[in-house]
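Just so it is clear, A, B, C, D and E label the chains in written order, and each chain counts residues from 1 on its own.
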Amino acid sequence: MTDSTMDQTNAPAIRRESPHAGAAAAARLKARRRSERRFKAYGLGAVLLAITMLVVLLSTLAGQGLGAFTQTQVAVEVNLDPALLDPEGNRDLRVIGDANYTGLMTNIVRDNFGATQRRDILKSLGVFSRDARFELRDFVLENPELIGTTQTIWLTASGDIDMLDKGWIDRDLPEDQRRVDDRVLGWYDALDAKDAVDRAFNVRFFTGADSRSPELAGIWGATVGSALTLFICFILSFPIGVTTAIYLEEFAPKNRWTDLIEVNINNLAAVPSIVFGLLGLAVFIGFFGMPRSAPVVGGFTLALMTLPTIIIATRAALKAVPPSIRQAAQGLGASPVQVVFHHVLPLAMPGVLTGTILGMAQALGETAPLLMIGMVAFIADTPGGFSSPATVLPVQIFLWADSPERAFVEKTAAAILVLLSFLILMNAIAIVLRRRFERRW
Amino acid sequence: MNSSSIPSGAVPKMTARKLNLFYGEKQALFDVDLDIFANSVTALIGPSGCGKSTFLRCLNRMNDTIAGVRIDGKVKLETTDIYDRSVDVVQLRARVGMVFQKPNPFPKTIYENVAYGPRIHGLADSRAELDDIVERSLKRAGLFEEVKNRLQEGGTGLSGGQQQRLCIARAIAVDPEVILMDEPCSALDPIATARIEELIDELRENYTIAIVTHSMQQAARVSQRTAFFHLGQLVEYGDTEQVFTNPRETRTQDYITGRFG
Amino acid sequence: MNSSSIPSGAVPKMTARKLNLFYGEKQALFDVDLDIFANSVTALIGPSGCGKSTFLRCLNRMNDTIAGVRIDGKVKLETTDIYDRSVDVVQLRARVGMVFQKPNPFPKTIYENVAYGPRIHGLADSRAELDDIVERSLKRAGLFEEVKNRLQEGGTGLSGGQQQRLCIARAIAVDPEVILMDEPCSALDPIATARIEELIDELRENYTIAIVTHSMQQAARVSQRTAFFHLGQLVEYGDTEQVFTNPRETRTQDYITGRFG
Amino acid sequence: RDQIRIVGSSTVYPFATAVAEEFGKTSGFPTPVIESTGSGGGLKLFCAGVGTQFPDITNSSRRIKKSEVEECAKNGATEVTEVKIGFDGIVLANNINGPTMDISRAEIWQALAKQVPVDGKLVDNPYKNWNEIDPSLPNEAIEVLGPPPTSGTRDAFVELVMEHGCEEFDAVKAIEDKKMRGAVCKSMREDGAFIEAGENDNLIVQKLVSTPTAFGIFGYSFLEENGDKVKAATVEGVAPEYDAISSGEYPVSRSMYFYVKNAHVGTVPGIKEYVTEFTSEDAFSPVGYLAQRGLIALPDAARAEVAKTAQSLTPMKM
Amino acid sequence: MTVSSFVLIVLILSAIAFFLGRRRSMSLAGGKMSTLHSRPGYYGWYVALWCGLPAILMALAWIVLRTPLINGAVSDVIPPDVVAAGSGPVNLFMADAYNLATGNIVSREPTPAVQEAASIILGLTRTVNLAFAGIGMALALAGLTFAYRRITPDFRSRNRVERILRILLIIASTLSIFTTIGIVLSVLFESIRFFQRIPIFDFLFGLHWSPQIAIRADQVAAEGSFGIIPLFAGTLLITFIALLVAIPIGLLAAIYMSEYAGRRTRAVAKPLLEILAGIPTVVYGFFAALTVAPLVRGFGESLGIDAASESALAAGLVMGIMIIPFVSSLTDDVINAVPQTMRDGSLGLGATTSETIKLVILPAALPGIAAACLLAFSRAIGETMIVVMAAGLAANLTANPFEAVTTVTVQIVTLLVGDQEFDSAKTLAAFALGLVLFVMTLALNVVALHIVRKYRQAYD
């Protein structure tokens, strides 16, 4: 293409100019190399950008949510008054259990904070969690021999104190703009001064179920609910999705009918998830009489929603398997079913698993359809089975995010972190499997 | 085609009658009538693109798998019309095995490649028996020595010729009655070619073989009957001797005498 | 190898020195020293699996694309070490073209398959020029007549031999300085083979050619120099005449005289 | 089924759940399951029939409608007890650093209505800044984040503020056609000055933090909880404070209710006890735990009355 | 016996049947498996399927028929005055009878008729259950014996099993059809009711969406306030922005991961990106509303554009991030499945990696990529929370991404979960919106299918 003759010096035999050697070629090559670098940089940029987004989101969440893994506690002196706890003095655990611990709490705030007026008592009780009385009860039931003595006991602090201790409440604000007024602040400071305020790992958060009190609220109930729901969702959507895809891609005659099914499935993916909720309500609860708020129904409904994702991904993966591999197997007398299950499906497995990962991730994060079938609910007990009332992690997050109490902000973020850990755990198997199935040919 | 050239007494294992094949609009085979005789080797020769592979693939219905293919006419395996609706293509392909023109090993280990057929057809009752079949097949295809230490490595990591022999081993491991080979030696060196030709000769005693080849010498060496295709038509078919020494058609003559492969 | 056999006056276009190649643990080439001379055809022969393709792929760094390949030694194109970090493999591969052992047409039309190279290298300034390059390349590969009416159909719908010629056309359309051909005629009938051999002969005037072949006759017919590989080693390398008539090594002798392909 | 099932309003949800939790912890009955479905959705489920597959109680941030009572009766739920639990104040608030505002309902209507009278004629709302309505109002662009038309809060806001506010204008009163007048009173402007935000009040608070010039409409409990971030405008001179709302002095507040299906009492264990807990002084009085959650208690006399009818499960009449 | 314990027993029986069938075929073969037509496992499956399937079908019939059967029997004892009063009271009567029978809540003092009905129900339930269980068990055993006795060495059990399997596959794939029918049915009737009130023409071509006026029955439902054009415009705008983010980033990320990055990088990056799909949308909503929207507003103002604090751009951008993995992961898989020979062919001609990708690999992987993009598109259409929180609920008819818009899905959700009466035009509108959205996406999918078909390039 050009007339440069510079590298001809030691190659006299070459009579013809190569189009790849001249200056123009070099310029073109330079441009191509530049575009190559640019393209690669775009690719890297895309990956980094997406990961940056993830990191930003995660670090914001971590910044907000890690605090929820600890909980403020307050140490108070308790006079385990026998008159209140065990009036008859025979250490009958039933009597002790039924004693007036609210009264004991009142004694505590009187002794520790000097609160005597009814309003003051109420205010100062607000330093503690509403469950403090049960903590007292449990303490006494465990150590009945201590009745009559004065003990220092660590009690869970209320959400407000927790927020104050973690620095989420600005103490420099004027009193009327603060959640915690000067009196409570004074009590807190006094306690703090004698090292009676401490933060401990928040076991309740990981073992408890929902509560209206942020300091008591836990994520375990919703986690179990999610696990049960997704289990049902998976055992339905995975086999049905994969077999549907296999049928359509490998066996079905290619005609209008299968075109219709194909378009249909693609279209189902675009149906707003709440509509699946309507369907679930009508079919599973209305027609089949399954219970409301139950993981079975949630699982069934989410399975319908997840199916299109799995089917579409599986079909794409099946399509990508080269025909030569199918022919090789057919030529050996493998039946179509054997061709698919022995050769094509294993090669398509990465795509199948990707579809499953995406579909399950979507199912794990979904709230809207669950509203229709009663899973957006306050459920204070950890679900015991597939048909006991349950809620799921995203619903819990949704509900907490909508709560007025400030302390729920960090619980919400922490719950999201738990959900993401759940997601990673759930996907881990699929991801490992996918790597093992990946091969080039 | 001249049907009088069928040796008396010989039984046709497979017969094609008035076979027409279309890839969409394009016709690739025109009224092909051809008998493949049992216990003999039939060579299909002809210029590139004349329809040899297409014809071969008709014999075990591998063309079914290509979209847009339409077939007219009859093909029989012994007495059954293989395009009949009642025929089980799976069984047909187990009886009529195929080695493809482009080697296509499975992305599995070498061992699994060969063991696959016997496994699905239940030809081995034990692992030892299966090992035995694999080893024997690889040996017959002349590949065993080269790969005996790497049976558990991938079949796609073999050289071109090795892949080709692997595919031959894979096909014979199934023990089919008819073996269709589409240029089985194209990627092989003379020694490996000799090994495969020996194999073909050996197989002929019990099996029926059809082979596509571009080498006239090979056709002459291994086949008893030769079919010459041109532009989708079967131009001449007869005893190999006769076709090579005394072709009836000038087109055959021209093709063969232009030889130097 | 005997480097004294290099013809005086001829300039090596490509040189390999102490080339070792490993597929993971497995060594496939052992200390190969070989010069490929400009304006001549070098034939690489040897039994299947001996490393011919591997060596050929080293010459334009196509082995880079295989995971787990490790290369030791030097390969030079004229004076530049092609494994040097500063070398642009893209330019290298444009200058050193390749036809693969297994035909691998793109899933595009026949036209697009051939036009692909010229397009990316900007060899045509206009559509007409591109048409011209495509037509000329197809003609030189002896495929044009067969496909001239279906240039806009898919390249994967061709017969095996047609695909092989398509890949040859695709490679020469780029106008490389060195052309590496891995068994370019394996799927071709004698006539098409003759056409390709003619092409090789014709190309030799301006280009440098290395060809892998299993046909001794072909090697003898088209090449000026022949290299015999065995088990990853270059056993003998010299003028084709000499190698075929008077081989230095007994292994070469044995391989060549076992010939009948 | 051994636990109570409750559905209904998202506004009542925080209070009902607090009661449910206390009830579950102290009574020995299982903790009720409470769904947040919205008042309308809750009533729909509640009135669908009698039997374990239907809820026992529904919460509502408005009174049950006649049509809903009829639907209930049609499906067998003839006896329903109504329990009024307190008030919910609706506040108009902005960033704590933003301007302080005292505004009347008429002015709010002028700021937010789709059409307002100017010189006696109804025209598309021309006001861009608050102080164009009244010079005493801040010189800031009107930007109000409010609930969507599908929510109960919006319903209440329209009824308590908009409908009330518009009546002060002669041009509106002059409209003969009741429907037309209703439309004029209730239509919110759509030119971007009024922004329909979602039902998440926390989000509105957050948005006020990031946009100091904007105002937001939300429930009292969120104001109380976020006193360090937002402050409320006084409406007709009254600040939305506990006592003012409780006494009815603060004009923008609504009542909250729950409804009990009497047919279920005695079969589903604990309904009566739950109602008793809810209407105990410990819970819904001004010093009860619900007040701490932001509930504005009924006046003492009303509470006693409610507790009595509720605990005796006297069916409502309508 | 309950249905579930019945199913369990049948499953156990089938497992036994499997072993029986397999054993019989093996003993018939006498140690020489090649004399069998099919592998022994197929004989096992054959017997197991014959044993299990009829019984399972029976269980299905049981579930479906049980109630109608019992209801039919009870209908005789419903007092005529109840029947005369219409379907409501009849339902109530039946509900009471059932509740009484199961010891449940009853809406009133049970009348003798209800008591009688309850006793019928009690008795019948037992008989019906027994009958079904008995017949089912008999079927299972009969199937087992039948299949077992059919086994001969040349019995084509593989073909039989595969045929059954194929039928099962077909059934699985028709499930999507049933889901579709279910969805259409669940929105159709309410939609029809809606269209009886609001003319369909106004709905489809109205330029104004403002259901606020029609808040209650006693209020005016001003016509023209149910025009869906702004909703669809908003949907398209936001979806377009989201895809504008997700498709380039997703595609490029997939390309980078499969063609440039090392195996290790890829193994980390891909699952990381997939986390993006699992973050609950509330989180994205907060992120969009509190972080991105102010940025967008600031950016708009710096451009001199009057940007709203809620904008299509903020919602679209964040939604785009959410759906990146739908594009990236699926595309990565299909690109990875393109045979290496394709790459070699291109690289061997001196193409750069990027040229190879753009000219050879992407076209070859097109069907998969299209599927991935369609999935992303679908996901964007269906998303609610981000839009509610960041783009608002105001139905503006605008193409300006700095303005607030709303989407069809958002309106469906807010209308459905809002505080509505049962059959207000607003609630019904949600169903009509669902229906129209369904039809529209269907049309889009048909178009997409044809485009993909046209450009598909099959490799081999």
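The rule is simple: a contact is a pair of C-beta atoms (placed from the backbone, for glycine too) under 8 Å apart; a residue touches a chain by one contact, two chains touch by 3 or more.
Please read these numbers as outputs of a predicted model, since none were measured by experiment.
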Intersection of the contact lists for chain C and chain E: A, B
Minimal step count in the chain contact network, chain B to chain D: 2
Chain located farthest away, centre of chain C as origin (C-alpha): D
Contact-richer chain pair [A-D vs D-E]: D-E
Distance-maximising chain from chain B - centres being C-alpha averages: D
Closest chain to global C-alpha mean, per-chain Cα centroids: E
Distance from the mean Cα position of chain E to that of chain A, given in whole angstrom: 21
Between chain A and chain B, centroid-to-centroid distance (C-alpha), Å: 58
Centroid spacing, where centroids are CA-atom means, of chain B and chain E in whole angstrom: 48
Centroid distance [mean C-alpha coordinates] between chain C and chain B, Å: 29
Numbers and ranges of chain C residues touching at least 2 other chains: 90-91, 94-95, 102, 120-121, 176
Junction residues of chain E - those touching two or more other chains: 158-159, 286, 340, 350, 352, 355, 417, 458-460
For chain A, residues that touch 2 or more chains besides their own: 20, 32-33, 36, 323-324, 335-336, 347, 371, 401, 441
Those chain pairs that satisfy the touch definition: A-B, A-C, A-D, A-E, B-C, B-E, C-E, D-E
Of chain A, residues touching chain E in the complex: 20, 32-33, 35-36, 39-40, 42-47, 49-51, 53-54, 57, 60-61, 239-240, 243-244, 246-248, 251-252, 259, 261-276, 278-279, 282-283, 288, 304, 307-309, 311-313, 315-317, 319-324, 335-337, 347-348, 350-351, 354-355, 357-358, 361-362, 364-365, 367-368, 371-372, 393-394, 397-398, 401, 416, 419-420, 423-424, 427, 431, 435, 438, 440-441
Chain C residues touching chain A - in the complex, by the definition given at the top: 10-11, 13, 38-39, 78-79, 88, 90-91, 94-95, 120-123, 175-177, 205-206
Residues of chain B touching chain A in the complex: 60, 62, 65, 67, 90-95, 97-100, 102, 104-107, 116-117, 120-121, 156, 167, 170-171, 174, 176
Chain B partner contacts - residues on chain C that touch it in the complex: 23, 26, 45-49, 53-54, 101-103, 146, 150, 157-162, 165, 182-183, 186-194, 214-217, 221, 255, 258-261
Contacting residues of chain E [partner chain B, same complex]: 31-34, 36, 38-40, 156, 158-159
